[in-house]
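Some structures to go through are shown next.
Okay, so chain A shows up in both of these, paired with chain B first and chain C after.
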Partner chain A sequence: MLELKIISQALAVGVFIGLTYALVTLGFSLTFGIMRVINFAHGAFVMGGMYLALKTFQDLGMSPYFAVIFAIPIASAVGGAVYRLVFVPASGRPLETQFILGLGLAIFFENAALYLFGADIVAVNIDLSTHRVAVADVGISAAQLIAGCASVFMIAVVAFVIYRTAFGRQVRAVAQDPQAAQMCGIKVHRVNMAAFALGVTTAAIGGVLLIPFTAVSPPIGLAFSLKAFIVLVVAGVGTVPGLLVAGLFLGITESLTAAYLPSAWAQVFELVAVVLLLIVRPQGLFGRETW
Partner chain B sequence: MIDKSQAPNSRAKWPGYLARKWQIGVAIFALVALPVVPYVNDPYWVTLISATLMAAYLNIVWNWAGGFAGLLSLGHAAFFGIGGYTAAVLLHQYDVNPWLGMVAGATVATVSGAAVALAAFRFKVRGFYFALLTFTAALVLPAMVKTSSFLGATEGIFLPLKDDVTQLQMFDRRFFFWTYYIMILVALVVTVAIDRSSLGRQLRAVKGDEDAAESLGVPAARLRVIIMSLSAGFTGLAGTVYTFQTLLAHTETTFDTGRFFLVIISTMIGGLGTVAGPLIGAFFLTGVRELIDKVPVSSQKAAAVSMMVYGLLLIGVGIMFPRGIVGMVEGVGGFIGSLPGRGRKHTATVSAAQYRSPIVAESAGIGFGRTKDDTPELVVTGLTKRFGGLLAVDDVSFKLYKGEIVVLIGPNGAGKSTILEICSGFLKPDAGVVTFKGKKISGQPPHKVNRMGIGRTFQKTRPFENLTILENVLVAAGLRSANTTEATAKAMECLRLVGLVPQPGPEALGSYLSTGQRKRLEIARVLATDAGILLVDEPFGGLDERSQGPLIDLLRYLRHTGCGIVLVEHKLSVVEAVADRVIALDSGRVIQEGTPQEVLQNREVIEAYLGGAGELVKPAPNRH
Partner chain C sequence: MKEENKVPGEISRRRFLQRSGLLAVGLGAVALVGCGDDDDGEETGTPTGTSPAGTSTGQATATASPRLETVNIGLLYPLTGVASGFGNPIVDGFKFAFDRINAAGGVKNPNGMNISINPVLVDTESSPDVAPQKAEELGNRSDILLVSGVSQSAAVLQVAQVFARLNVPLLCSVDARDELTSSGFTQTFRIPPGFDTGSRFIVRAMDEIGTAAGEPMTKVAIIYHSGVPAVGDSMEEEATKLGFNVAEKISYDSQTEDFTTMMVRLKDTGVDGLILNVLSADAIKLVQVMKQLDYNPLGVGAHAGGFNDAGFVATLGADAENMITAGWFFTDEQVDGADAVVNEWKQTTGNDIPILAPLGISAAAVVANALSRVEELSREALIQALSETDMQLGEDDFLVANGCKFDATGVNTAFVHVVGQYQGGVGKSIWPPDIAGGEAVWPRPAWS
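For the complex of A and B:
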């Protein structure tokens, strides 16, 4: 019975963390689907959100959730600038070049964080982190509940924007065929920039949601980029259900592994599973071509 | 062979051979200058340069896979670690001499590289996915090592300190300097050999366009496995030496993925896929690091700052100089070369319409090349191909004789291109067989089909844009010639035949050609494969009226020489001009086969094309 309890407990935690992972990796798939850019620096924005929340809590003495107020303008501005300064000049280059540029950005951001915040692994403990919400014997922390629910809401908002608004239609048009979209009077780079900013902003918000139950250190950015890559491979491009399933896969693998093995194994299992999936179904479980 | 007076018509750029020559010069200069270092009596410098040499070595061998072959491996840390651990375990557990351990480490790493590459190509894992696959290897292996007490678990394996050359270590710091120096020497020689051999050209072709390379008979998968195992083996070798330098095999240092991020960064900065770039990049990065270390901050902050600078450098170089420092120097060299009075003429391209190939005169009045007693060369029987629910090709059978042009016509979606894809090995049929001279070719991979004597061109032209016109053709010619001289002669002959020589000339880059020139380059390439049968997909698409004449002449000439040609074409004037037989397709089925006149006046064919009304061709007087 103890076994069953451990597993159901891990599953519950995994589900809510997984939903948050779906949110933080959303932008990565979005960017890849629309402009065919593997933005390896995507995870850096998650890390940025986490550090913002950490500083809001430590230095301003406020609830880390208030960091969302700063995260939105900062992440959008930095994201827009990164797109304009790095990916616009590189558009039309081979995908490998863009991949390497993303790697350069990731290295830059990681070490900027190292310079500013040091190498220590820091956690934020607030009441919500320890407050347990339980059904029968199975419980999760309130912070995890908040993160999971807020992530589902955010994903719904982004999906609404992409599939139900005029802007979203432009985004999808650009994703299908940038030149044709341009012919129709769509300002491709502006649409791309907005989509890019939207993507990294959701990542930063996800970072804020994660901090009450996830410790932060500079290398975590690359770890999240890797997670995003895994989600992209598992889900394929342009599918919200795929995104959620892939996120849950990550969250549950991680929490189940953590119950039995050193945490490093989670990544091993995920990557091996992904490589196997790549071999069986290269287009992803729900794969389509674009958004 | 190469007419060197022909200036490239393209953007000012050094021709390939000159560019590589100065790079070799840089490498030789570095190798001559470096031995001074051990005699500078400053251990700091000896250590620093030794470390830089190892980094340069790793760059050079990573570049074989990452640069020449376009295999962006993030997993070389695994090969490095495999090498190091193999040697360490052999010494620690079995008391095997480190020099033997070094050979063993390199061997195991080579095999691992081959295994990764084979797995990747067996399952078509490419591009970023290849990067992810290899990165997985680099993360999974140390995690597994940590669980094994035999491999030292989390503590690592400590090696005994000895001052003994036979134990691959000495107290004298210069020992490792010289070890790395010799390793670099070997690696550079191999690099130059790869770069100058047809292997290098084929690798660049595969990197540029794998399908096109395979269509010319290049065994892409095998080449990538070869280069990957070579690169992995040399990396493993460095792993063993490093392990004996540090006297420790540990998951955090021996399997350090960060080291290989630096490899990628500095190789990019120096020049990805170049000869001297990786070497230059490593020393450049050390220089930057030394400058930053002069800034008075804590060592951790200095490390962070230098990595930030590396990141920015990588971005800057990536955007502005895709070929890194080497590309930058070439740009300057090309600019100087293009200055007035330097004797480098930039003549305008003769337009496609003005070109007259040498075969025009010969081809006038050439008719059927086919003789009655021939047996069919290409036999297509009951070919069927489905895409999901769509029946793209439905029980198609036809024969092609030597010296005959068969044209496939039919509305879009009739299955014409699919038939060519199957005959050239790019698609496997669901049913039916294609044989060539009695041997089955359907189901064989494209490069084998080509080796058997069937060449194809692509509807949307696919030149290797990073290669010159001559190199494009050499990819094909080099596979069938004993030596470079012979291959070059053959390539030039093919280029002359299609009219790409004398203008725009053999040194123009594939990416700067016009539509008509690209089409002719594809034909030159496929001619160089010695194919007895050509599958040509809409070569006239996008050509203006005046450019069509020479191409018609060329097709007739090839027929005259005994080539069998399957042509997919929509332009009816062309069909009438070259076809010996026409096969009309609709919805994947053959609806009519016969002479051009018979087929083009057939009711069913007209209906398929025009929906019933009008006529495709006027009943004309006999044209032969």
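For the complex of A and C:
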């Protein structure tokens, strides 16, 4: 009986954390699918969203969720600027150059955060962090519930934009064949910049949603980039259902492992899964060529 | 040699002879006065030429005013980067203590010296690669008499190796690694022991506090970070020795996103005491989950780590209330001289003394105490003096319980962790009873 309860509990936590991983990976997947750049600085925007929420709570005395209002314009602007200043000059360069560029950016953002916010690991504690939402004996914190539900909503919004709007058609056209898209009159760099900014904004919103139950410090950005990379490899490029499934895989693996084994094993299982997938199905579980 | 042809700084033979003569007359006069003033007669009969150097110096300084000396003490700590939260308050403690010592005229040494202490700050940048390089640079500076550091477990053994090779005394104000003093570095000294040893105190304290309150824990769980595996073993060993049923010993790592499942299991299996060694972020998460589950063990206590972090109370607020933590100093402790230090810190800096600063102040006290006993200002003499340290709690601002006396390996055998409890948002000392300034709240009141 206790075992069933523990497994159910682990699944509940894993599902809702996994959904936030899917949201965090969405922008990472967009950037890779459209620009063919593995942007290891992506996690830095999650970190940025977390610090923004922290400061909103600490300095403005408002709920950390209000930070979404600031996160959307700030992340869009920073994302656009990063794309214009860093990735446009590097476009057309070999993949490894862009990979190193992303890694360099990640280190830059980590050190900038260290300078701005210090090295301390910080967190917030609001009522929603400790308020339990339970069905029978199985429950999660209200903050985790909000993060999971908001992630699903955000993913749905982005999927709608990509698959049901004129802008989304341009994004998919650029992703499939940038030269052909350009010949059709699509301003490729402008579309890329907008898609990059959209991805960065989803990452920052993910950070805002995470802060009520996850502590933040400057190195957390790279940790989230690694998680996003694992989700992307498992899911494959250009698939929203794939992102959801892979995010849940990551969340549930972590949660179940933590219930029975030292949690370091979670990463072992995840990376073994990644290696196996790369051998057996390199395009990922649901992967296509592009978005 | 004509005056205009002389190399700057060079003196003529005539002037050299004049100065040598004056110096000889002066020294002779001092020696004669010294002999004449010695009333006990024990040393007056000893011809100066055959007396041991120390005795001779002592006679000479009995009347001559002490000469002023300045020594450089290296402080090799993480001042930037992820570990700077540890390094900066400790270094601030050193600087505060050295300023007090220097303002009082320096360390009084009976061998005719008043020694002023100059801290030389070196930043390890929280990097295990940088720390040994900086240690090498410091150790090769002949003007550095001793180094204190590094409060950075990943680097401390490499740093200790460097200083052992260069025969530089290393005084460790706090570090988790027990191997620092169990690896044969004979010139290394540490004030609190490593975490393997230190973590036993929280188990003992919670046992005694629960027993004294008439509601002892019976079934405990030990949760510890995977980076300090021996801490879990030490805690389990101590708990078993004290007769507890150790229901679970759980190792977790920094990748752990959520503790809910773990806590559900502990609550449902009736664990009534949690003994922890967790990092700052995890300490906050654990308490949040306990509250979420309305899990109410009799006591929750942690050795060092996250529960000691200033951010723990700042973040959790009232949810941190009654959590127990083994630390190094609490401002309400019954220690001679502690109030004066705490008040002066407040006056000087405008802030309350940080929880780690007394480690720097106490290490500075050990340095000063050793300097007051050296016969000469050399590394060898300082190593010898450190090995003979025997300081009581409160002596010369030594604030870490229960005094300082190093064994042959350099471990402070007098050390006792002071255990505190957050009451009214402030850490109050509750154990050991002879030092504690307050009473424990036991059992912990339920969340509801």
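In this text, the second predicted complex is superposed on the first by the 287 of 291 C-alpha atoms of A that agree within 3 Å, B and C clash if a C-alpha of one lies under 4 Å from a C-alpha of the other, contacts with A are read in each partner's own complex, and residues count from 1 in each chain.
Rule of thumb we're sticking to: a contact is a pair of C-beta atoms (placed from the backbone, for glycine too) under 8 Å apart; a residue touches a chain by one contact, two chains touch by 3 or more.
Here the structure is a predicted model, which means the values were calculated and not measured.
Shared-chain residue A:103: touches chain B; no touch with chain C. In the superposed pair of complexes, A:10 makes contact with chain C only, with no contact to chain B. In the superposition on chain A, A:83 contacts neither chain B nor chain C. Within the superposed three-chain model, A:57 lies out of touch with both chain B and chain C [touch as defined at top]. With both structures placed on the common chain, the touch criterion links A:93 to chain B but leaves chain C unconnected.
When both complexes are overlaid on chain A, the residue A:254 reaches chain C alone and has no touch with chain B. Using the contact criterion defined above for the overlaid structures, shared-chain residue A:279 touches chain B, although it does not reach chain C. In the superposed model, A:45 lies in contact with neither chain B nor chain C. Contacts of A:131 after superposition: chain C is touched, whereas chain B is not reached. Note: residues 114, 118-119, 262, 264, 267 of chain A belong to the chain B contact set and to the chain C contact set alike, using the contact criterion stated above.
Every residue of chain A that touches chain C in the complex is listed here, in rising order: 2, 5-6, 9-10, 13, 17, 114, 118-125, 129-132, 139-141, 144, 213-215, 217-219, 223, 251, 254-255, 258-259, 262-264, 266-267. Those residues of chain A that touch chain B in the shared complex are 38, 86, 89-90, 93, 95-97, 99-101, 103-112, 114-115, 118-119, 226, 229, 233, 262, 264-265, 267-268, 271-272, 274-275, 278-279, 282. Residues of chain C that touch chain A in their complex: 80-85, 126, 226, 250-253, 255-262, 264-265, 268-269, 279-281, 284-285, 288-289, 291-294, 309, 311, 315-317, 319.
Against chain A, in their complex, chain B makes its touches with residues 70, 72, 119, 123-125, 127-129, 131-133, 135-136, 139-140, 143-144, 146, 261, 264-265, 268, 300-301, 303-305, 307-308, 310-315, 318-319, 322.
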